[in-house]
Amino acid sequence: MKLKNIFLPWLLPVFLLAVWQAGSATGIFPETILPSPVVIAQTLWEAIAGGEVISNLAITLRRTIIGLSIGVSAGFLLGILTATMPLLDALLSPSIIAFRQVPMFAWIPMIILVFGIEEGSKIVFISIGTFYPMVINTYDGIKTVPKKYLEVARVYEYTPIQTFQKVIFPSAFPSIITGLRFSIGMSWMLVVGAEILGAATGIGFLMAWSRQMFQLDRVFAYVIVVGAIGIIINSLVTGVEKKLLAWRGSGDGGSI
Amino acid sequence: MAVVFKNRSLPKHYQALGFVFPAVLLIAWQFFSYNKKTLLGPPGDSILALWNIIRDGTALKLLATSMERVIKGFLIGTAIGLSIGVLMGSSKTGEKMMSASFHGLRQVPMVAWVPLIMMWFGKAGMAQVVFISWSAFYPVALNTYDGIRGIPGKYLEVGRVYEYTRWQTVKKIIIPAALPSIKTGTILSLNMAWTLLVAAEIMTSEPSGGLGDLLSEGRETFNIPMLISGMLIMGCVGYMLNQAAEAVWGFVLKNRPDIIKQGGA
Amino acid sequence: MGIYSLEISNLNKKFSVGGRDLPVLEDINLKIQTGEFVSIVGSSGCGKTTLLRIILGLETGYEGEAVLNGKKITGPSAKRGVVFQEHRLLPWLTVEENVAFGLINMKNRDEKKELTDKYMKLVGLKGFEKVFPSQLSGGMAQRAAIARALINNPEILLLDEPLGALDALTRMYMQKELEHIWEKEKLTTIMVTHDIEEAVYLSDRIILMSSRPGKIKKIINVPLSRPRDRDEIYFMRIKDDLLSEFHLQAEKHFFYSI
Amino acid sequence: YPKVINIGLGGNPYNKPFVSGGFGYAQEAGLFEKEFAKDGIKVAYHLFKGFGPATNEALANGTVDFAAYGDLCGVVSRAGGLKIHVLAVTGGAGDTYIVVPANSPIKKFYDLKGKKISLAKGTYMDLSFNKIISDRGLKESDFKIYNLTAIDGLTALAGGSVDAQIGTYAALDLVNRGQLKVIYSTTGPDVPDNYRAFGEIVVREDFENKYPELVKRVLKIIARANIYITDEKNREKVLALTEKTGVPPELAGQELGDKSLRWVNGLSVDKDAITRLKETAEFAKRHNMIRKDIDINDWVRPQYLTEVYKELGVQDKWVLPASAHYIKNTKHK
Amino acid sequence: MGIYSLEISNLNKKFSVGGRDLPVLEDINLKIQTGEFVSIVGSSGCGKTTLLRIILGLETGYEGEAVLNGKKITGPSAKRGVVFQEHRLLPWLTVEENVAFGLINMKNRDEKKELTDKYMKLVGLKGFEKVFPSQLSGGMAQRAAIARALINNPEILLLDEPLGALDALTRMYMQKELEHIWEKEKLTTIMVTHDIEEAVYLSDRIILMSSRPGKIKKIINVPLSRPRDRDEIYFMRIKDDLLSEFHLQAEKHFFYSI
């Protein structure tokens, strides 16, 4: 049992890796498109040893975390407000939905015009992109709070804030966490876009730069760094989630 | 006081309020561009440009091309996303096996995917659709997965007691119970498909002829009215797509008092 | 004696079920005095819960009116304590937090703790403070819900089969406790129950409802002094009367269709 | 024979399915189609809006067999292990313009010192700028350089977040609209030749090894088209081809100016051309754009063009004497 | 007489509550014959539901074993019908669909419809076919759950306070129906109930559990012929015995803490 648990998560990655290495060795994947895992590992090691990964990662993390915090808090807040206030919902939701449909890329000129090209614009770029998943998941999570629990709060004359704290938030929490995970994923995808806004540092920049310089092994080495950080952040979120969702009890969850 | 607290919604005609914010924005824009030479130009320019491409039919043609890609990509992406989501959510083994790869692969930015997608699908002219599918895949997968994990155990136990096969459980319990989450996922997916359309049209080399052209050309040639009219079309059509998806869901869920009337049992 | 605490007049309530109107309550007229203990009995689906929900202020869209202490009921109030038919404990709060749910505005933490402990003990849940509702048995959850309703010191108590999930012994114990509290606080109490003996044991008056649509069929006074003795002859007689009254409604409702 | 010969070229921002220059003429006149019809081979043009990286990736995954792009793109891909050979080096008149807002106090090049400048790193403008500053004894660190694409740079300039932009002729549009002014450009007879961009035509080694005779036939058509468009008689046609890609006539005219067509569009593998490739490779090495040296001689396959030129009876000459750069200075034949 | 359908031996079950182990069932040994009707009574939280869940195959991680018809129980089976303590109707299915939940593999639509109608009628829900569980009253939902358990024609029926939410009359009617079905199908039935009278009325044997940890305190035979008469002297005596037995457990459990 225990052994299986440790073994299973590695099954697919190892399998993919094996296919990949085999594909590279036999030339099915040209090295100039998909360098072999061995080459990438080597490049990655050099990049880490050379210190460039750490320094650029620190810069990127800073941007991502700030941008993410802003986007996620704004999305969370607006999700709550629109979901709980019908007037605000009617007023803002159509605009939020419509704005959401415009690709991030089209906003770049406006972002540059308004926020310039220093850190601000990169952070804004990430904020906008991470805002949407959060707002919609928060909204939907709140909209599906079971009525029976809301009634209990009404009976005890909870103020809106108290109802939010004790009923709405805990009930919508799983959905909000899903939004958060999605936003985190988004932030990593957006960082490449953000770091072409006047940056010469950061993992996203390095990725774009390496691609331009046709150093695909580097591209993939950075991709692995970003992926690893993503997995770490994701498991942190999962950990927090597990703790906060202890109430779901052992019987819960979809596994059959 | 808020609707969740009172469980009452506004009359239909309040929907017109949705125009207030765009109107304010328009006025502000007009105000700031009035008398000043900004890159943005007054809204009139952009609206005129929009009108022109609508009148001469360009807009429709671009839209049709893009729409086809989006729909295809969305359908493929959602179908796969739903399957993976269900697999990971409903099977412990599936979850253990896939979740690390799933969360890891998701973090891989598009720059790494584009050459691969081009290599594998470029020749078949499928690159854009694949690209869009990949973007649409994740939100559905994630929301389905998380939705399923939140299904109260008590319902699953009922399925176990009646010895439902895995497939029956998925069909009769897991999907219906996770439907609100799946709905959120598909709406996000549609949004991803729609907004990454432009990226797909730019990154791949095939003749695009889609809406992305308006945005990329407008941006790269400093034709701001064109850029803005592209954004307006993206925004409006995207909005309609979103509403259409909501309507379809409304229909699917019309027999679900537990969901429609805000909150289930 | 006493003033009327609750006055319900000409109440009619319909639900829309599958597109059709289902009349649930028809022509309900009812006056309940302050400090009175009233039970409602009636067959399954006759509208008892709906009536309680109207008094609670959770149900809207009915004809007629419900007036509590001179004020028309328009929404819920923390002064009206309730035990719902299902326990409705919030699954994300511990038992203790659930019980203290109504004390949200109590700032003094010690006082809150003390009060919570008192009611946890009252319903026999001492030791289960930090446990989540999903880890309780059915009866324990129901007792927690009772504690939650009582802790708030409400003016009127609305109980929807509060003791339904309890074994005979625990049930009797809880009945006694309910009676104590009711006597001490002079609480106006309306309780839905299926246990005729329980109704006779606790109530000043018993409202017998008939079904489809739910109407008040009969109101029975229980002029017995308290504490009551279940084996006493008058007690038995009232109980038997009620039972036979009940039986008059016969089994016809089982062959009813909309 | 292959069913299709795929040619990768740079797209245009106007999303027009046309290219300018020699390929534009070949495309318009259907030269490839005519040549290969008898063998049942089709010719497909792929216009990459992602430019260099996209083209390199397309070469790597076999989407295209031939490609034409900037010198730096070829150098980095070769260094990255892409199996391609250079068939010809193309003209050198991609000009760099340094622009500032119309009302800026910056007047001349030296005023830029210490200013915020936007520059698309890793493009020919980067190359050009580096040569300009090193000839003047300056270093990159004498400026505050922001890495922005040409178009984002203009936006940043308009928004006031940079003081100047090192850009392409696209900036001329805003200059014409009175928002910007040019303080320096690589146009003009007294500017060193190597400040300007040039490009190369490459072929995938696979393709070359399989069909060497096709490579020659393709190149021959390119050369023929080139002869046509470097003929000053066809100057109008050259402009018309550029305009067909969506470039406004005014801009097209401004960019071409009075540069000689031979200089703009020339096609060569002569010593000078190869020297320029070497310079680019050295630059790339110096700026850490490539990790290992590339052997230019092993990379360039001059024999095809040499033979083609011989068969067509044309002289291989691309890098002209400075006096021949502008038609005003010298009568060009 | 008869063979043992269910054999539970040396069963021990602990839950982990708030980090600590809570012993719930201790040393349970029980044999139930095919076709027997057995009731379980015991105070709230003593482990009745847990025991049923173990028999059902939903609970894992216990010591000892439970063997049904010679096979060790390792998971649930459709041959074991169950009415859970809460109704557990699926909120997204109509009442009719909920009732037919166990018929998923029945291909013949007409047969399915007929069967569903029959059981809907049996539990008095005719006319509520297309209604969703959220629109039912508490008792109606419970009846739907009973129909769902019965429709499947199980070999053994596990009932967790199946009639708890029903009024006296409906309850008696349902008791009779249960008895009919049990007699006709010779169903092995295990029922948790809080109603001693109900237990005596229906059961061959009554298991009295004590609490914390739950143990079998006593097993009482009910050697009365059927149909039984609640007013008969032997019936009353058994009921009284049971009640007094129950009372011996006294109120001490209310002051228990972990």
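For clarity, chains are labelled A, B, C, D and E in written order, and residue numbers in each chain start from 1.
What we mean here is this: contacts are C-beta pairs under 8 Å (C-beta built on N, C-alpha and C of every residue); 3 or more make two chains touch, one makes a residue touch a chain.
Please read all numbers here as calculations on a predicted model, not as lab measurements.
The chains in contact with chain B as well as with chain D are A. Common partners of chain A and chain E, by the touch rule above, are B, C. Chains joined by the most contact pairs: A-B. Measuring from the averaged C-alpha position of chain B to that of chain C gives a distance of 48 Å.
Rounded to a whole number, the gap between the C-alpha centres of chain A and chain B is 16 angstrom. Averaged C-alpha coordinates put the centre of chain C at 86 Å from the centre of chain D. Residue positions of chain A with contacts to 2 or more other chains are 30, 33, 108-109, 113, 148-149, 154, 211, 216, 248-252.
Annotation for chain D: residues 57, 60-62, 155, 158-159 touch two or more other chains. Those residues of chain C in touch with two or more other chains are numbered 86, 135.
Across the complex, chain E is touched by residues 154-155, 157-158, 160-164, 168, 172-173, 176-177, 179, 255-259, 264-265 of chain B.
Within the complex formed with chain A, the residues of chain D that make contact are 52-53, 56-57, 60-62, 76-77, 79-83, 118, 121-122, 145-149, 152, 155-156, 158-162, 289-291. Touching chain B in their complex are the following residues of chain E: 56-58, 75-78, 80, 82, 84, 86, 88, 90-94, 101-102, 104, 132-135, 152.
Within the complex formed with chain A, the chain B residues making contact are 1-5, 7-10, 14-15, 17-22, 38-40, 89-93, 95-101, 103-112, 115-116, 119, 138-139, 142-143, 146-154, 156-157, 159-160, 166, 169, 174, 177-178, 180-181, 183-184, 187-188, 191, 194-199, 202, 215, 219, 224, 227, 230-231, 234-239, 241-243, 259, 261-265. Chain C contributes residues 15, 17-18, 41-45, 47-49, 85-86, 121, 124, 126-128, 130-131, 135-140, 143, 160-161, 164-171, 173, 194-196, 243, 246-247, 249, 251, 253-258 to its touches with chain E in the complex.
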